[in-house]
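Labels run A, B, C and D following the written order; every chain starts at residue 1.
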Amino acid sequence: MSTTIMTTSADPALVEKLALANRILYDQGIVDGFGHVSVRHDASAGHFLLARNMAPGLVAPEDILTFDLDGNATDARGRRVYLERFIHGEIYRARADVHAIVHSHSPSVIPFAATRTPLRPLYHMSGFLGGGTALFEIRDVAGNTDLLVRDPALGRALAAALGARSTVLMRGHGSTVVGTSLEQVVYRAVYAEMNARLQLQALALGEVTYLNDEEAALAAATNDTQLARVWELWKRRVTLATGA
Amino acid sequence: MSTTIMTTSADPALVEKLALANRILYDQGIVDGFGHVSVRHDASAGHFLLARNMAPGLVAPEDILTFDLDGNATDARGRRVYLERFIHGEIYRARADVHAIVHSHSPSVIPFAATRTPLRPLYHMSGFLGGGTALFEIRDVAGNTDLLVRDPALGRALAAALGARSTVLMRGHGSTVVGTSLEQVVYRAVYAEMNARLQLQALALGEVTYLNDEEAALAAATNDTQLARVWELWKRRVTLATGA
Amino acid sequence: MSTTIMTTSADPALVEKLALANRILYDQGIVDGFGHVSVRHDASAGHFLLARNMAPGLVAPEDILTFDLDGNATDARGRRVYLERFIHGEIYRARADVHAIVHSHSPSVIPFAATRTPLRPLYHMSGFLGGGTALFEIRDVAGNTDLLVRDPALGRALAAALGARSTVLMRGHGSTVVGTSLEQVVYRAVYAEMNARLQLQALALGEVTYLNDEEAALAAATNDTQLARVWELWKRRVTLATGA
Amino acid sequence: MSTTIMTTSADPALVEKLALANRILYDQGIVDGFGHVSVRHDASAGHFLLARNMAPGLVAPEDILTFDLDGNATDARGRRVYLERFIHGEIYRARADVHAIVHSHSPSVIPFAATRTPLRPLYHMSGFLGGGTALFEIRDVAGNTDLLVRDPALGRALAAALGARSTVLMRGHGSTVVGTSLEQVVYRAVYAEMNARLQLQALALGEVTYLNDEEAALAAATNDTQLARVWELWKRRVTLATGA
């Protein structure tokens, strides 16, 4: 599973930021003991960085491995890797615009995946959900499985279901969110969860007015200019908590 | 965006209290990385105090800027300002009785805004909601936008929608709450959120008996005499947490 | 408001336990900045102990005052008292079996009070709710008010509504729970809140099988033998948190 | 209640792990002041280990007792034992494959028990719920009781209701989950609670597609290979919190 060709080392600041993103996602309740976040390699578009097989809340820079797009680790040195690394490789292959990916079982999203109900943007914070979420039904691709995206073919099918959207719900499993940077993808994962929680409540109250496509696009563009503000807060929380 | 006319310095105790209000609103879950709270300048009714563009949970006294009612900062010295400072300026202009304002995306309120369902007071703690909340539909004023109150005209439209009420829901966005002091507006923001959460639950249970207008007015007047009790508690929480 | 007749000092261990009960109720989310807990005086059935007007989460032994059943403090020495001390005095007068009382706005109970829906025991932990909760509608007694039990007549009306039950819902306000000891009444306040939260969920799921009256009585009797277990846990939490 | 025949001492590492499991279940919100977790004795299939009667969140290795399958403690030395130890003894007798058991009042599961609604797996994390949960209605066995499994006959009836499943709902009471190890049973108790919470939400959204039996079995098998990952996280949390 490891290749013999060495890749250029990733920027240490990017490795550090990816470790931080892992801990932020745990602190924000998006991942628990499971789920993962990756970033495309800064020096090689054909590689990405992802932690070894471990709980995201405990990830440190030395736990970050480099993978090629086929899901082969170049520097595992015997360390276990995530079963679902193919989610990342195949989306990076299909989407040149994507530079960071979060796969999670973020709780409020699960009922939407289980009922095949798209998330739609309830407020400007989730403008990136404009047009609604995609759905991945693994049964249509592979019949009865353990639901995991555990090989390249399943990864390609997931990437195809995602298409050009920001978020794909995975029936019986969870969701995957993509972005142009770690800051953006973490923001999107946090507010996809929040939107799900609030959309469920709104549906119980009455007829929901979602953001229309133009509002969603405009809101998403504006919020992308404000990412540093919330990243700073989230970073402060996890560095205070761990002393790291 | 800055004016050349200097304003008298605000009372340092008020600046300190505004920084505290920011951190209390974060601790109470009313704001996350976004949202803001302002107070009218103690020495100039034509100015107000508001933090620079940053996460409210991290605001310290040195982050507080002074603005005129047109939204121009008098002392920004290059620091970024909030895109939506016009919410504050235009409400202070329209409502001489208002001395403090909270704008937030407080979560339980979002589904009410998205379904255009007024908040109504479920218990005496939210008597200030008597008569129900106002609604601001930005589409009626400006068509498709990024939902933000990003210029004086939108600020004036929001102030007009608010009218004489304490709270205005903003469809697809959040809410704005006004008060006569920081203590009162923080109290109102906290209990608007709580009332929203509980109103949703009550609507699922059966027919709700809300406070009528007289009950609401009487309860609000009584609770205004008890604000110091809860402010002391909230202050203790955030000063213990930060050591500040 | 203070009487000239001194009462025998209460047992310092009881005063300490009452301060602890205040902090436990805050830690468990039953009270926030508002609400109160009292205990009948150990040496005088005609008096009870209650904190001065302050947030329960901050109460220390030196904040505990002694009241007669008319709601007069014997040792206030100028300190503010709770507006609703009459809840306590009049229930102690009407119910010789009651030795401790919690009045709160415990959140999940509010929607039940607002819709006049009785709490009923969903599981053995809330056997004390057997036969359902009483309802106090202050409008029936006093017309439009600020909802507070702010005089002896309202206190008597509340005690009459409570009757022989453990819990009375107060429409538009909150609830009051009674018990034979601080340990028991704190347990009941915590599990009334939990039962409310779970009863709302159960009603959304389907037809609920509540404990019948015999089951409820048997369960309540058994749980009364296990109070020390949970008190020890709750005490440990608040003493660790405050270092007290 | 104690026997005179001494059992071989259990492996100290297993005793330590059982104490840890108690604290993890408390930290994860599965138990509060009540509930318990046991493990089958490593050197005697006819015995099991269980804490003395105390809050699980406070259990240390020295609080662990040894019981025979009839529920007799061999080493209580006057310490109180749990009223419901028969849950454990009778399930270990009936199910040779079971090596660890959690009994709890895990909150989101209570409404399912009260409405006799089976839990069904919503996502791969709860594949162990495949085929749905069993139901124990104590009224059918013993009429009106305090709901507790307080003697061997009730323990046998519970074990019969459980059958070959992983989880049995107990109407008016809680639930019991079984597994082949402490790691597995704690995982199952945590995700039974999570599945309950999410299943309730999904039922409000629309028609739910549960994992079918084959998907559930495959997912459960895969997740059993990942238990160390989450156990490490949970262990870190409670050891950091207590310094133990």
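As a working rule, a contact is a pair of C-beta atoms (placed from the backbone, for glycine too) under 8 Å apart; a residue touches a chain by one contact, two chains touch by 3 or more.
In this text, all values refer to a predicted model and were calculated from it rather than measured experimentally.
Colleague: Let me spell it out: compute each chain's centre from its C-alpha atoms, then which one is farthest from chain C's centre?
Modeller: If we average the C-alpha coordinates per chain, A ends up farthest from chain C.
Colleague: Between chain B and chain C, two touching copies, which fits better, same or different residues at the interface, with half of the numbers shared as the threshold?
Modeller: different
Colleague: Whole-Å distance, chain B centre to chain D centre, using C-alpha means?
Modeller: 47
Colleague: What whole-number Å value describes the gap between the mean CA coordinates of chain A and chain B?
Modeller: Each chain reduced to its C-alpha mean, chain A and chain B end up 33 Å apart.
Colleague: Touching at least two other chains at once: which residues of chain B meet that condition?
Modeller: 204
Colleague: Can you identify all of the chain pairs that touch?
Modeller: A-B, A-D, B-C, C-D
Colleague: Once bound in the complex, which stretches of chain A touch chain D?
Modeller: Per the stated touch rule, the residues are 32-34, 53-55, 57-58, 83, 105, 107-108, 110-117, 144-148, 171-174, 200, 203-204.
Colleague: Please output the residues of chain B touching chain C within their complex, sorted ascending.
Modeller: 122-125, 127, 194, 197-199, 201-202, 204-212, 214-215, 218-219, 221-222, 226, 229-230, 232-234, 236
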